[in-house]
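Naming follows writing order (A, B, C and D), and every chain is counted from residue 1.
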Amino acid sequence: VTGHSCSRIRVRYAETDQMGVAYHGGYFAWFEVGRTDLLRERGVTYRELEHRDLRLPVIETGARFLRPVLYDDLIEVRTRVSDVSGARLSFEYEIHRDGTDGPLATAFTAHAAVNGRGRPRRLPADVLSLLS
Amino acid sequence: VTGHSCSRIRVRYAETDQMGVAYHGGYFAWFEVGRTDLLRERGVTYRELEHRDLRLPVIETGARFLRPVLYDDLIEVRTRVSDVSGARLSFEYEIHRDGTDGPLATAFTAHAAVNGRGRPRRLPADVLSLLS
Amino acid sequence: VTGHSCSRIRVRYAETDQMGVAYHGGYFAWFEVGRTDLLRERGVTYRELEHRDLRLPVIETGARFLRPVLYDDLIEVRTRVSDVSGARLSFEYEIHRDGTDGPLATAFTAHAAVNGRGRPRRLPADVLSLLS
Amino acid sequence: VTGHSCSRIRVRYAETDQMGVAYHGGYFAWFEVGRTDLLRERGVTYRELEHRDLRLPVIETGARFLRPVLYDDLIEVRTRVSDVSGARLSFEYEIHRDGTDGPLATAFTAHAAVNGRGRPRRLPADVLSLLS
């Protein structure tokens, strides 16, 4: 489980709040972009996984907001798989911005593998292989 | 088609932007609360309509943002049915706030009646009756 | 630091995703409602704190999503202060729903006290007192 | 006032709802991306305009949702200036997707030019010139 993918995202006005920074709740959509891009780079799309009756709902998350992210910033979300097993999958994220040392935020999400009715199922072998 | 319903909503910080006002795109969730409450008051819930294989996607909308809506404002969304026919349904909205004359915003949404696969269908007779 | 406040929130369609449940990123706006209500119940509003040049940005969060939250659910967010010091403040949250045993989600947020330019400052004595 | 700009946007899971399509309220953030990109292409950023004490709040909008936009779709927002005068500015938008004939949605937004305290002001001559 090595290697991270990079997603470049331009911060939208819609994502700011009246503190003049990006609202913390909006970061989770960026992390979603990060893991979606990672999957696509590894050769599978989440859309396709859904068609194969797999869902990966977030069951736990944690995030540290270290420095403000601002409107119109071009941020980079670095995503890597931190853990993968039969029915669990976890990702780690860092948000970076050119010209700022160190991450602006760090986070993780843990996911369960379930079918379309929410029942636990195992990750398909090819997906396990792509992510390991 | 007369009578409006009233929904009281407290504006969330998440709904503001760095202009220090509520972001225009977030109003549409408030209008959704408005028509959901109207349906519930008339005796049917949208959740129940979905279980009866009815969906009411928005096919057109228009809105005027007349005065800023601010964080922590307790706004009132006044919703009424403006038009209802076999396969169409429209709502009109006004947003008010105590202490301010006239609406802060006005809007409408037009909806198609479709089934779970997106095919046009007629509104059930009892729903038509509740909304007429 | 005892006693929790209760916020009742109706889940919006806008807050669901195509998995048919509430999107995890949207929970953070509910937690915000929770702590806003707690402050109001204790006798101070966040809006007023901003006017006194205090901001409480989220610097860390963690959440466990234990059971799905569904469209139109009437959820209860139970919020309590878990830690308060000169320049830090933390809240804990539980989301409950009538008819379901145990929380649907648990979470915390940690906040820094800063002024309008983002510089650390101490919590005012009256706020410290209300929250302790 | 001719020429449109093109913004390519990947639809996020966060932007879907339980109807299995993108929620209509989320389109307005895409239109915002469209006009932001148009300004940048013309040589000015909205961020910079804010630093020059100019704000362009949306005062009116209208949208037609013609065909569903789906999760993971790579859509193209085509934006053009439809009207510009001393203190007003309007944009028109079309959303397209490869492989689908005709727009998936069309919309407009009208904006007032105001200063940081919300008072009407004129568009700067250089901005007028870039947009005309």
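We take it that contacts are C-beta pairs under 8 Å (C-beta built on N, C-alpha and C of every residue); 3 or more make two chains touch, one makes a residue touch a chain.
Here the structure is a predicted model, which is why all the values come from computation and not from measurement.
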item	value
Pair of chains joined by more contacts [C-beta pairs], A-C or A-D	A-C
Contact-pair overlap exceeding half with B-C, pair selected from C-D, B-D or A-D	A-D
Inter-centroid spacing, chain C versus chain A (mean Cα positions, whole Å)	23
Distance from the mean Cα position of chain B to that of chain A, given in whole angstrom	32
Chain A and chain D: spacing of chain centres that average the CA atoms, whole Å	27
Residues of chain C whose C-beta touches two or more other chains	13-14, 19, 21, 25, 28-29, 32, 71
Residues of chain B touching chain A in the complex	13-14, 16-21, 23, 25, 71
Chain D - residues contacting chain B, complex	19, 21, 24-29, 32, 55, 57-66, 68, 118
Residues of chain B touching chain C in the complex	10, 12-15, 28-29, 32-33, 36, 45-47, 71-72
